[in-house]
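Letters A, B, C, D, E and F mark the chains in the order given here, with residues in each chain numbered from 1 onward.
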Amino acid sequence: MRPSGRNPNQLRDIRFTCHYTKHAEGSVLVEFGDTRVLCTASVENKVPRFLKGKGEGWVTAEYGMLPRSTHSRMDREAGRGKQGGRTLEIQRLIGRSLRAALDMKALGEHTITLDCDVIQADGGTRTASITGGFVALSIAIEHLLKTKRIKKNPLHGQIASVSVGIFGGVPVLDLDYAEDSQAETDMNVVMNEAGHFVEVQGTAEGHAFRKDELNAMLELAEYGIKQLLEKQQQALQEANSFDQSKS
Amino acid sequence: MRPSGRNPNQLRDIRFTCHYTKHAEGSVLVEFGDTRVLCTASVENKVPRFLKGKGEGWVTAEYGMLPRSTHSRMDREAGRGKQGGRTLEIQRLIGRSLRAALDMKALGEHTITLDCDVIQADGGTRTASITGGFVALSIAIEHLLKTKRIKKNPLHGQIASVSVGIFGGVPVLDLDYAEDSQAETDMNVVMNEAGHFVEVQGTAEGHAFRKDELNAMLELAEYGIKQLLEKQQQALQEANSFDQSKS
Amino acid sequence: MRPSGRNPNQLRDIRFTCHYTKHAEGSVLVEFGDTRVLCTASVENKVPRFLKGKGEGWVTAEYGMLPRSTHSRMDREAGRGKQGGRTLEIQRLIGRSLRAALDMKALGEHTITLDCDVIQADGGTRTASITGGFVALSIAIEHLLKTKRIKKNPLHGQIASVSVGIFGGVPVLDLDYAEDSQAETDMNVVMNEAGHFVEVQGTAEGHAFRKDELNAMLELAEYGIKQLLEKQQQALQEANSFDQSKS
Amino acid sequence: MRPSGRNPNQLRDIRFTCHYTKHAEGSVLVEFGDTRVLCTASVENKVPRFLKGKGEGWVTAEYGMLPRSTHSRMDREAGRGKQGGRTLEIQRLIGRSLRAALDMKALGEHTITLDCDVIQADGGTRTASITGGFVALSIAIEHLLKTKRIKKNPLHGQIASVSVGIFGGVPVLDLDYAEDSQAETDMNVVMNEAGHFVEVQGTAEGHAFRKDELNAMLELAEYGIKQLLEKQQQALQEANSFDQSKS
Amino acid sequence: MRPSGRNPNQLRDIRFTCHYTKHAEGSVLVEFGDTRVLCTASVENKVPRFLKGKGEGWVTAEYGMLPRSTHSRMDREAGRGKQGGRTLEIQRLIGRSLRAALDMKALGEHTITLDCDVIQADGGTRTASITGGFVALSIAIEHLLKTKRIKKNPLHGQIASVSVGIFGGVPVLDLDYAEDSQAETDMNVVMNEAGHFVEVQGTAEGHAFRKDELNAMLELAEYGIKQLLEKQQQALQEANSFDQSKS
Amino acid sequence: MRPSGRNPNQLRDIRFTCHYTKHAEGSVLVEFGDTRVLCTASVENKVPRFLKGKGEGWVTAEYGMLPRSTHSRMDREAGRGKQGGRTLEIQRLIGRSLRAALDMKALGEHTITLDCDVIQADGGTRTASITGGFVALSIAIEHLLKTKRIKKNPLHGQIASVSVGIFGGVPVLDLDYAEDSQAETDMNVVMNEAGHFVEVQGTAEGHAFRKDELNAMLELAEYGIKQLLEKQQQALQEANSFDQSKS
């Protein structure tokens, strides 16, 4: 029995509130149950040094947790003077995952920075960040197309992510904090709209996992990501209508 | 004429969404028009070194802006490895202002940290932080009293803050970004429920200001803070009812 | 009764030793009683990035305390690896105050950096820094005019600063450390030669202050700053004669 | 055809030089072809704060590359003043992987730090670090047992790691730099002596990978790790004989 | 011919202004010609961790240059966030040199920190710091004896330092900046009252130096240090009389 | 009697393993007994800012100790976020010493960085670094000449270094850790092929040293450095043959 009462293959309530803030070219508040992450996509007319003069763009991500997004207050990374290893690891993962959906030539010499800031944490903040990050990125790209800053849509795929794990001996989908903190195995999976893998990161927290357990988890992930991809599509359609009704 | 169409002595729409996040002992999303700040109050059973063994508590504040809370994206302070001077100045101001309302002996050996994180900036983030910070602090203290972690209410006053300035030659209340970025003079005022001053910080941005201009601004501030104090009271009553209906 | 035996409206002994060091374009040792601050103004033929190509100059300030300028030794900020919030707050205040006296167009593409280093602290180091900083700045500008690096005097005003406060229930002028550490209210005021305000920063340390207390303090500040402006003029005239006798 | 001429399922030459340095409780130079990593295990009689008084030990890892271990010289992280995200990610992975083989209760209040320093890099430094790290850890534990600092062997498993990937459309084992820099997919696998997974980290560099590709890579990894586990055993037996011949 | 017109074996004007600041247990402004360094000795009732419980004291030194103590303004180390290699090298040298004169057992569990802050630089700041540092240290120890915080004088020697070099082919004593910046060889020598060496640091700036040049420089150093030791004695006698006349 | 049983004027076993790593333009593992330092010389087609456009090159050095190169594990400097004073002091010494052997005009606009990383420490790591650093530098320059990146050999001298000290009252050559940690006096000497001094750094650890002790130590240093210069020559000849046999 899962602490939340969900079925093993059941996602939490997933919500996307697009255009959540007004300054960013793309923004969304993504919620996976009680996990809430604000994702903004900011476009700048410049590229990192290693891309200068190549006619290509770049997508990068930054991740942060508000100090009291968690059960007990964490030190503010800006105050401590450095970002922890977990933060750097997660933002590298988000950036890599989203870059897999883009044609950098078509993006032209723009940098899009995804800021994923955790307002409230209840497990799965990195998968929520990737899934919401894709929505914010799409809105920003739609904006670039509408304002003619780019001609061709650089998005050639759709990306979503979910966590899976083994909890109480049973493979489960989309772990919340109560499960995550006790899971024997924890795996984050990023897939595209074709059902192919972009990232697979599995860690044995308790005991090492067998091949059949791995396969069961991957199947659950595929099942969950399929639903997330649909919810992203819905959210983007509504965001777009909303955006057009404004103009 | 103000860019927002407001009268010179008119506040923006003020909203408090109490219990905005679930982990903090006190939390509120405060909105001054489009300026939105998440204030959380976190209680810890420890005090800073200089207070050890004195039987007193402490209140401190931290302030941060999400990178894309602003018109153009700012660097993330955690990534740059240090907090800027403006950030430190503001969080010192918030902490000082809120400590003015508390009896540290009655608080006992607890530290309450106010985290004021700007979700969206449109001018006046520091006055919104102080005004919202007081609400979050009050909720946290109510929680300490209910859970018997303290016996006596350490709050002996109420604190709110607003900005005033001279825009287009006219003293105006509660400047938004469009005004703030062009104001000749900018002043942040913190007052208590008795109408006395806790902090007065005035800066001539354009030309030095005269005594009569100072007085006109202080009157506007008093007028605005009176309304803010009432709105805080309403919000706290609703929060309390909400909290009791839950239990 | 003030610890120093001064009258409530009496400044400490004020001394300016101009040309205190030989390398800086402008330098002065300013003393407010036992508070001694070395102010140097350094001119560089460059401007910060945000001013490049605009034909304007810039004035900025840095502030530091020698580790044993204070009663008990403070950590060296260079050793700790960062400047504290108080330091950053003070140097922002000094810079802002002095910029209020300058026409940046007339300064041309030069940056003048005021270094205010506290040799001995006895209260009022920030107001001494601003008052001495203006003298160092004037000497440096005189130097730029004499050496034809600029054509037109960019100074269009004169700036001085003093602290006022409420000590033992009485408004007093120019607080020393013995008063400052026990004052109920502390206010730093920066004014120009026309008697207008450039900065007003008042903090209730003990109890919140009333409007009439604020007014009494502002009058004291005006009275003190008038004398400081005269002393600056005297010092600059002597410095200039001295400088001319050398050439 | 692989640049090195190896078969798709062929490891590079693997060598372990145990007792490579004299101060560490355990040390080994591990070589995967031209990739050379010095792994040392250092034992200290203390534990991190979160474990104090629990009677348990801890294993942690640090990773570094010598500035000219790579094709072009990298900045020295100690000089830049911080470790990069890649470094932190790798050392977290090494620590997690090795902890999976230990009973922390049996280790008692000791901390073992694995330092994995890359002398020469030619692809696969993280998998070499884990594989060599296990050998250094085993030698250090053998030393603790011989010197009676612990009574029971805390090792309950054996850990090795290898990279697999898809290069030129073909799944290959143990990628060197020439392959790694052009691979379409790159996966690092950590397994134990029972053939179960401790970590699986796969990244699509070029195109997203299919389930059958994932399975082919996992089989290659299992095949390679089996050989690495045997080579570790041989090295440890020789190290032990060598160690006993000395005493 | 030396730029200053001095003879090759002639020191600059040496001045010690004892009790230069009022807070430190010992303080002196030392001047070697235009080089001016403020040396303060601060006593604290604690010792570094590695000495805890051993009944011994410690002497350490910190060194800093005010940003405009030099010809062109240097960045403030506190602002850059770290002390440069030259700073660290010099403060290690000062600390080592002064520790050579002390019996740490007799000092008891006190730490004396020498802060050597350069007000104006004209060559030889490190030798002035050591020579002035000894005077500040002596005054602080005299203070500890008078106030009965220690019983036995821990000073068992006297320390002074001077620079020597080869300028225009000629060995010269006590180089100023004009010489130092063009010297072929530069050597800093620290000696005690017995004429023995505490530190010898010679660097070939232009061409490598011969044994006979080394010997000529060491003789000059001995000749200069003898005079510095006498001047330190005079200064300390005057400081002591002054101090007694106050009490 | 020396702990190692060596005669007072006896060097440890000295070994140079040239071409120790494959990426650097020059590399050598230098061993002074159990002290092992990996020296690599990296060539880059750029110069530091202060040399831009002058047609000159630069040589600089960096030094590091692997965390467990020492008896007890040291913190990793990259993790602590800064290099210690000892590290900075040593790398400044290595750079200065090697620059003394080069004509920067002949080097042209190249920067050569010597990385000296201590694999195992047993005393004398800085003198081994300088002595090995010269070999790595020579190999790199040979490489620049062969590949026609420079036309004229910029090396105009040969540099080696050794430590001397007074141990048990006797002057000894090339101290190992057992001696170094107990020596009364410790001196590092850098000389060139003409027997002239490039650097002399002597420190009295126990008692101050006399002139005759200084002379005895300098003679020992000269005797030892002569042998080191020969061993460098042999190593470079073998390295060159080896290099040519490859091509």
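The criterion applied here is as follows: a residue touches a chain if its C-beta (ideal position, glycine included) is under 8 Å from a C-beta of that chain, and two chains touch if they have at least 3 such contacts.
Model, not experiment: these values are computed from the prediction.
Asker: What is the minimum number of touch steps required to go from chain B to chain E?
Answerer: 2
Asker: Hopping along touching chains only, can you work out the least number of steps from chain E to chain F?
Answerer: Steps on the shortest route: 1.
Asker: Please state the rotation angle, between 0 and 180 degrees and to the nearest 5, that superposes the Cα atoms of chain A on chain E.
Answerer: 180
Asker: Taking A-B as the reference interface, identify its repeat among C-E, E-F or A-D, namely the pair sharing over half of the contact pairs by residue number.
Answerer: C-E
Asker: Of all the other chains, whose mean CA position lies farthest from chain B?
Answerer: Relative to chain B, the chain whose C-alpha centre sits farthest away is F.
Asker: How many angstrom between the C-alpha centroids of chain F and chain A?
Answerer: Chain A and chain F have C-alpha centres separated by 51 Å.
Asker: Could you please state the distance in Å, as a whole number, between where the Cα atoms of chain B are centred and where those of chain C are centred?
Answerer: It comes to 30 Å between the two C-alpha centres.
Asker: What's the distance between the Cα centroids of chain D and chain F, rounded to whole Å?
Answerer: Measuring from centre to centre gives 32 Å for this pair.
Asker: Quick check: what residues of chain A touch more than one other chain, meaning two or more?
Answerer: If we look for residues of chain A contacting two or more partner chains, we find 81-82.
Asker: Counting contacts the way the document defines them, list the chains around the ring, chain E then chain F and the rest.
Answerer: In ring order, starting at chain E and going to chain F first, we get E, F, D, A, B, C.
Asker: Of all residues in chain F, which touch chain E in the complex?
Answerer: That would be residues 82, 84-86, 88-89, 91-92, 96, 100, 157, 187, 191-192, 194, 196-204, 207-211, 214, 218 of chain F.
Asker: Where on chain A is chain B touching in the complex?
Answerer: 21-24, 27, 34, 38, 40, 42, 44, 62, 64, 66-73, 76-79, 81-83, 87, 113, 115, 117, 119-121
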